Every structure is written in structure tokens, then in C-alpha cells.
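Quick one: this structure, given as C-alpha cells, is what I'll be asking you about.
As written, the chains take the letters A, B and C, and residue 1 is the first residue of each chain.
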Amino acid sequence: MSVLEKVRTEPADPADRARERRLTDQHGRRVHVGELLWRYVLLLAVLALTVGPFLWQLSTSLKGPTEDIYSSPPSFLPGHPTLHNYTRVADTIPVWDYALNSLKVAAANVVTNCVGSALAGYALARLRYRGRGATTLVFVLAMLVPVEGIVIAQFTTMRELGLNNTLIGVVLPGAIGAMNVLLMRNAFRNLPYEIEEAAYVDGANVWQRFRRIALPSVKGTLAVVAIFAFMGAWDDFLWPLIVLSDPSKFTLTIGLNYLHGTFANDERLVAAGTVIAVAPLIALFACLQRYFFRGVGEGAVKG
Amino acid sequence: MPISRRALAAAVAALLLPLSACGSGDDGGAGSTDASGKVEGDITFQTWNLRANFKSYFEGLIADFEHKYPGAHVKWVDQPAEGYPDKLSADAGGGTLPDVVNVSPDLVAPLAKAGLAMDLDKAAAKYKSEYLDGAWAGHQVPGLSGTYAFPWYLNTGPLFYNKSLFEKAGLDADRPPKTYDDLFADALQLAKKSGGKVATLANVPTIEDFGRYGVPLMNKQGTAFAFNNTKGIELLTKYKELYDAKALDPQALTATPESSGKKFLTGAVAMNPGSALDLGNFKKNAPGLYKNIGITDQITSTGHVNMYVMGLMVNSRTKHTPAAVAFAHFVTDAQNQMSFAKKVAIFPSTAGSLDDPYFTKQDGTDETRVRVAAAKSLKTAVNYTPVLFSDQMKTALRNEVAKALQGKQSPKAALDNAVKAADRLLQQG
Amino acid sequence: MATPTAATRIRRQLRTSPWLFAAPGLLVTGAFVLYPFVSTLVNSFTDRRTLLPGHFVGLANFRELLHDDMFWTGLRNSTLYVLCVVPALVVLPLLLALLVQKNIPGITFFRSAFYTPVVASIVVVGLIWVWLLDERGLVNALLETVGIGRVGFLSDQWLLLLSAMAVTVWKGLGYYMIIYLAALANVPRELHEAAAVDGAGAVRRFFSVTLPAVRSTMVLVAALSSVAAFKVFSEVYLMAGPSGGPAGEDTTLVMLVQRTGTGLTGRVGYASALSVVVFVVTVALMLLVLRADRKEEA
């Protein structure tokens, strides 16, 4: 059940609905104007806290070299907005090539995570077999391993497979995240058995039941997994740095690190770099947020 | 989620199974140290954060080399500044180290100990005379015989100071401090006159500061550290005094080279070490400061300024020893170092290069003045940081020093602890 | 609920397919997470260095831990992190969820906007906050404007740790808010109405209706956030720097793992022992989740 859908579909009394369609709470009660006012005040305050820092970064990145970015009281809007800092970023590093590599890695990561964790999650939730407890335990343990301690061992494994310095090598360790498998397991577990029962009677085999019935019912959770996978791949720094040697294969985070290493004193340039790094994520989230909130409603994040 | 004992056993088995495949790495067939064969084959060349600014220089360099040796092909890779040691250790452990690698002496030491760096006294002894003696010796590792990298560029620089801050504190802006005593006295006055708003130093003392102050860092045999002697304690006690008076920036304990540079730019700190490269930065980012910039020599008690040394190491397991050695030599030869030096404010490590008019003749600009002074001081400069002083030791020293500055322990106790920690790490390494 | 026979029949079908379904996940996890971790476990009993093979040293690494001041500093900071961050992440997102629960105009926008910090990469978040809390950054400029004066957020040991915690909470708010929203949606509205009829005010209803209904979710959030808080690395590393703030006093356990174990002179053996300690503590924290999970199922 989706949070939003539940919230949206609930204004109960149809007669009331037309008159004050949206000024009601989730129980269909009328919201007082005074209450409405302080709610908006609070909402705006939290908005300033959560989104403000990003806007400040955007504003810094648009300020020209002559504008004082340290002034007190601060100037929130750039006096003469300029894209000059973004051009400089592109001049310094092949930012679009790196972004393309990041996109490839992130897209592959989304596909492998969605497919792999849906399959494994389905097995854990729906199929009865010897060793299921152990399989679950494997994924739970994997979630608890502190990644910072095992990077070198991961690299050694990758080299033995001959996959170092390839984008495949970047994708593989996170290709099927344990957390995602457990998320999918919970989503499948929350589906009633009756749904599959009918298909079973019709003679559908495991694969058909999985593909045609179970999977479409957990689209929301898949969206959650997709977003997590995309974020994780887009963000990662240490692993791509270690596994890649060839600059033509570098990802965006490594590129941004060049920027930070070379122009640490230039807040405007670093700000432009961070905006380039974060904007695609926000755009992706804006597109997928509807599915995302629904996925959360499915109980995806319940232990 | 109930977990049966059998399931647990299965899990343990699943966990342990891959262990059988646990190999301790490879040997990959050690390359020979005989560099006399034909220069040919594909080699990889790795630099450290040089692509962003010097792409065309290196591409030209490689083209020249390939033109000279048609059978050889060089692939250039550059790594970002951050995480470079991690990158090297992953490659070294995985047997994927490039053939020619940009290193500094502290990076080459562990690689040499692991047998991954080629001994150039064996493979390239004939080139030794082309380099400054001190630079060639820069990549020797105590406890091992041999030299493990070609010297590449050197760097050193003057001390910049903010003249207007000096004047405001009633100091003669044309007579910057020349000795440590002057420095400490001026720093205290600057802090006092500005009510603690202007610090003179932005960083806590590092191992090179102890060296420059004349503290013997290691014992004669190079087997143990010794900077916890009276001279070392004297320096740290002085810094504590400065810290208490806010003459050492209160944020020095968390400072990075970038943050202290920024503080100098904004006038919160009166002095900052730097290089000719910084002048351009001042001109662009702080024109007000640039008008008031003062330039003076590094302060030392030893008469030898500190220098940083970069080198090119040849992977001992390279499959193309002649090509790798030839290329490392090519990059570091007098002509190519000279043209690199003219692109950026660094100094060549080849013998005689520093006598070039570029490094000796004034032309009236500040850049040239800084360059000429630095080149002159380089002839006697020392890389104070001991080759065996690892990152872990640097952190230990930094933390103990910080505790002393905060007054949590005496300077003596701090240095005793730091020496103890460093010695322990040294013995384990 | 399906009849038991239906469930059982579905479950019984096919012996091999479960393994086929789980195989990709098991392979990847086994090869790139568990196998490296097992070698970490093995290494924790050796004196292995990055480039030098190790020898078996028994429990020497673990004994050394007990005498390592930095270990205790790390343990203190990681524990403090759990103690401070977890209550904030259990309470604040719940209040936020209550705030965005009402279906008033524009609320979808607010919900999504509050989630933005979760979406942004931690490196970007670190850069943004370092710039905000800089001595000459926005926060200090504002503080100075209102006459409080500048505060050294990034230079004082405790302020640094506090700032890092604030960033963790800031980044986690939206994430846990969503979890609470899901739980709140499942609270039967009859309960609220009955309480309202009884004359209970908003505050009373919160304590007598809402709170009991989301209690199991609170336990879950507490467990999830404490596992994450104990393993904290990025926030502190980015704000306090690699050496962990003044005199390394802000070092967390995972930072210590990273610092001792990486680089060319890394003490892989000792760092592995530290990793094992971190692992054991997080397993203990995770047991909380499993218990809560079981309680929910019952």
C-alpha cells in the first residue's frame, strides 16, 4: 500500500470533497487555518534546512571571479550569474567523458542489482529449500562487513579474474548488493500467497510465476533498489580509483577529485563540480519519486 | 529469522570454501636488471596528479621518445592526488604496477623493501653522473644497498609574508625574520598587536620542521628515531608558547596545506611557505595581498633549506627492462627536465642544470627573483623527511604534537611517545 | 491468508531452481564481500603488512588493541556517535513524518524535497558542509550578522564531532521520515477518531495512539541507524580530515581501520583485527534488528 496513494485517496466524504478538496487531513477532517499556517511555517523552515545547502552551493558556483563569496552578511544570489566556472571545470577535466563512464557504470549497476536481487530475494522469500537460512545469513553478514577493510582483498580477487582496469571490474563488487537482496526478500514476503496460487493451478512454473506475477507486484521496491544502486555507483570513489588505471576509463568522482586536488582554493570551481555531480541524481530521483514512495509503502525498508 | 545449526555449518563451509583458492599473489616473472638490450615493447608510465595542468607536455615527451625508439610504445596514465599510496599498494600487491612510476622517497622505500623497485646502481649506473649527487642519493633506502629511482624534479621555495600585517604590528616590513628567534619574537608581537586575530604560522611542526631546526632525527645507524632530544623539545616548547599566544593559528591542529594557504590569502595568517607557482595564484585570487607580498628565505638553523624530491621508479618486474630504464632516464634527462622546469615552478635534479641562465639571471620580476634564490639554495638543500618516515608515523607525530600544544602532555612526553610509536612501526616494517 | 497446503505446494516445487535464483547473488557476495572478509579474518592473526607477507602471531594484534590509546579513542567516538545520532534519528524523522503526513497543498513537493539530502553523495554532502561551516562560510557569516560571532566548527574537537553528527542526522532525516510515513499510513484511523471522541488533544493522541502504533518501527530505525552510526567513516573523515581532527581526537573506529591498514606501509594484520572488532559490535547491534523483526512477525 502506498503512503501517498493512501493519503491521497482518503478524503472520505464525497460531498465535502468538492468544496474543500485538499484542505483536509488524512482522516478527512478539515484543517484549521491557524494550524495550516504553522504547518507551512514549519515546512518552509525544514525546507530551508534540507535544500538550502544545495542552493547555496549552486549560488556559489554561479558567482563570478570578482564577486566576494566570503561577504558578511552573505549575498545569497549571485550578482552577475555566470556559467564560467562550469566551462572551467570542463576545460580542466574531460568531464563529459567521465560522466559517460559514470553513467555506464551506474546503469549496469542498476540492471544487475534489479535482476540479481529480485531473483535472490524471490528464492529467499518464496522458495523452500535446504540451506535457505544459510543463504539468508550470508546476505545478512555481507551487509555488516566494513567495506573500508576489504578493498585490497577485493582488488586481488579482481586481478585474478583479469578484470582490473575495466568498467566491469568497477561494477562487479556492488553488482548485487546484500541490502538490496534483503529488501527484495521482504517485498516478496509481503505478497499474499493467493496471487501465485492461482497461477500455480494454471500450471505456471516457478519462472513464469516469478516473471509474470510476483515481479510486477513489487515494482515500487524495484524502484527503490534502482535508486540505491544508481546512487551507490555514481558516488563511489575509492573502489573505482583502485580498480581503474587507465584515465580514459575514469568515473566522475575521480575527475572531481582532480578538481579538488588542483583547485582546492577555488570554492567556486569546487562548487560547480559538486553541482555537476549531484544534479543527475536529483533529476533521476525527481523522475522516479512516485515509484519510490510507493516502494517504501510496500514495506520495502521494514527489516 | 531462525537459523538452524546445520544452516550455520553450511554457511561456515560456504565462507571457508573460497579460502582454498587463496593464493598469496604472484611472481609474474621478475624482470632482469640488464638494461643493455634493444629498447622496444609496450611500457606503462604513471604520473601523480600532473595531467590536469601538463597534458601537452607529457604527450609531446612521449611522442619524442617513441620517435627516437620506434620499437617502443609508452602508455601514459595519471592518478589523482588523493589515494595515490592506496593505488600503488593495490597495484603492487596485485602485480599490476606500471613499468615506470612517479614516486617520492617515502613511497619508494616500502616498494624497494618488497623487491618491486629496480636497483638503478645495477641497471643504470652509467647515468649516475648526470644527476646531482644529493638527488641521486635521495632514493636510497636505509637498510638496503642500492638506489631505487631516478631523481626527477626538485622543489623548494621561499617564505611569503604579508607586509601590511607586519607594518600594522609595528614591525619593519622590509626586515623579515631571518632566524628562529626573530621569527618567534615577531610572531608573538603580531599576535599581541592584533589582539590574537593575526597568526604568523598556520601549521603544527612536522618532521621536516624539526629537521630544519637542527634536530637530529635518527640515530647514526639509521635504526631508531631520536627527535625527542633537548633540541626537539626546545622547538616544541616554543611552538606551545606561540599556540597559547595565538601566534600559531588556533586552527593549526586541523589545518591542511590548502586551508593554511587560504588563510594566508585572506590575511588571517601573516606568513606562508610556498613556491614561485603561488605568486600567480596571489596575483589572480588576492590582488590586494599581491601588492603587499614580501618574500624571504626559508628559516633554518642548519643553513640548509628543505627540498622535496620526486623520482621515477622502474618496476623490477617489467618485461621490457631496456625500454623502461631508457624511458625513465629520458624523462629525467637534463634537456627534458629543463623544459619541464620552464613550464612550472620546479627545479631539475640534473647536474649543471641549475647553472643555466634561467636559474641565475635576474630580469626584475618577482617570479624570477624567487626562482633564482630557490635554485641557489637548492645546491645545498636537504630532504629532511627521513625516507623511512611512513604515513602512520607522520600521523603519530602530528597527534602527539597536537596534544602537547593543547597542554594535555608536556612537550617531552609528546616527543617521547612519538619516537616510541615511530620506532615500533619502524621495527615492524 | 492462504491455506497451508497452497503455500507448501508452491514452496515444494522444483529442487534446483532456488539455487539458480540465488546463484548470481551468492556468487557476487561470496567472491567480493565474504571471501575478502574471510581473508581479513585470517589476516587479523598475522603481522601482515601491505607489501610483506605476514606470520601467524596468535592474538597479539588483539592484545595490542587493548593498549592502543587510539583504539579507545575510536571506540569512544563511535559509541558517542551511536548514543547521540540514534536518538535524534529515531525522534526527529517521526516528527517530520507527522508534519508531512497531512495532505495539504504542495505536500508532495515538500516530501520529495526533504528527501534530497539522502539522494546526494556523501562526498558532495561533505564538501557542501565544509564550505558552509568554514570559518568564513555561510553559517559563520550569518552568526556574525546576528551578533553571535564566528564559531570554529571545524577546529574544535567536540564541535567537529558534533558537526559531523549533525550532517549524519541531516542526511538521514528524509530516509527515516519515509519509513515512518509508511508506518503511520498503517495506523487505523478509527483509533484516532475514537480518541478524539474521548476528548483527547493532539498531544494526548500522539502518546496514546500514534506512539504505540509506530513503536516497532522505532525499534527498527534505532537498530538500522545504530549499525550505520557505529560504522561511521565518511562524515568525520571529510570534515575532520584524514588524521581525525585535533590530535586525532575525532578518529572513529572505521577511520582507524582505514588509516592503519592502507597505504604502502599499512599494517594489514592490525587493521584486520580492528575490522573484526567493528564487525563483532555491528553484529551485536544487528541482533537487535532480528529480535525486532521476530517480534513483528509474531
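Everything below uses one rule, namely that a contact is a pair of C-beta atoms (placed from the backbone, for glycine too) under 8 Å apart; a residue touches a chain by one contact, two chains touch by 3 or more.
Being a predicted model, the structure only gives us computed values, none of them experimental.
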So with touch defined the way it is at the top, what topology do the chains form here? Options are line, ring, star, complete, other. complete
From the centre of chain A, which chain's CA centre is farthest? B
Could you work out how far the Cα centre of chain A sits from that of chain C, in whole Å? 16
If you average the CA atoms of chain A and of chain B, how many Å lie between those two points? 39
Between the Cα centroids of chain B and chain C the separation in whole angstrom comes to 37
Could you list the positions in chain B whose residues touch two or more of the other chains? 1, 14-15, 86, 89, 93, 266
Would you mind listing the residues of chain A that make contact with two or more other chains? 70, 132, 138, 140-141, 151-152, 158, 237, 260
Which residues belonging to chain C are in contact with no fewer than two other chains? 26, 30-31, 34-35, 39, 50, 136, 262, 290, 293
How about chain C: which of its residues touch chain B in the complex? 26, 30-31, 34-35, 38-39, 42, 47, 49-53, 70, 135-136, 152, 154-155, 160, 240-241, 243, 245-248, 259-260, 262-267, 290, 293-294
Spell out the part of chain C that touches chain A in their complex, as residue ranges. 1-2, 6-15, 17-19, 21-22, 24-26, 28-37, 39-40, 50, 96, 99-105, 108, 110-117, 119-124, 127-129, 131-132, 136, 138, 140-142, 144-145, 170, 173-174, 178-179, 181-182, 184-186, 189, 192-193, 217, 220, 223-224, 227, 231, 233, 254, 257-258, 261-262, 268, 271-272, 274-275, 278-279, 282-283, 286, 289-290, 292-293, 296
Which residues of chain B touch chain C in their complex? 1, 14-16, 18-19, 22, 24, 85-86, 88-89, 92-93, 107, 110-111, 113-114, 116, 250-251, 253-254, 256, 266, 268, 390-392, 395, 398-400, 402-403, 406, 408, 425, 428-429
Taking the complex as given, what residues does chain A use to touch chain B? 65, 70, 92-93, 131-134, 136-138, 140-141, 151-152, 155-156, 158-160, 164-165, 237-238, 241-243, 245-247, 254, 257-262, 264-266
What part of chain A is in contact with chain C in the complex they form? 1, 3-4, 6-8, 10-11, 22-27, 31, 36, 39-40, 42-43, 46-47, 49-51, 53-54, 56-57, 60, 70-74, 112, 115-117, 119-120, 122-124, 126-129, 132, 135, 138-146, 148-154, 157-158, 172-173, 175-176, 178, 181, 192-194, 196-197, 200, 205-207, 209-210, 227, 231, 234-235, 237, 253, 256, 260, 267, 270-271, 274, 277-278, 281-282, 285-286, 289, 293, 296-297, 299, 301-303
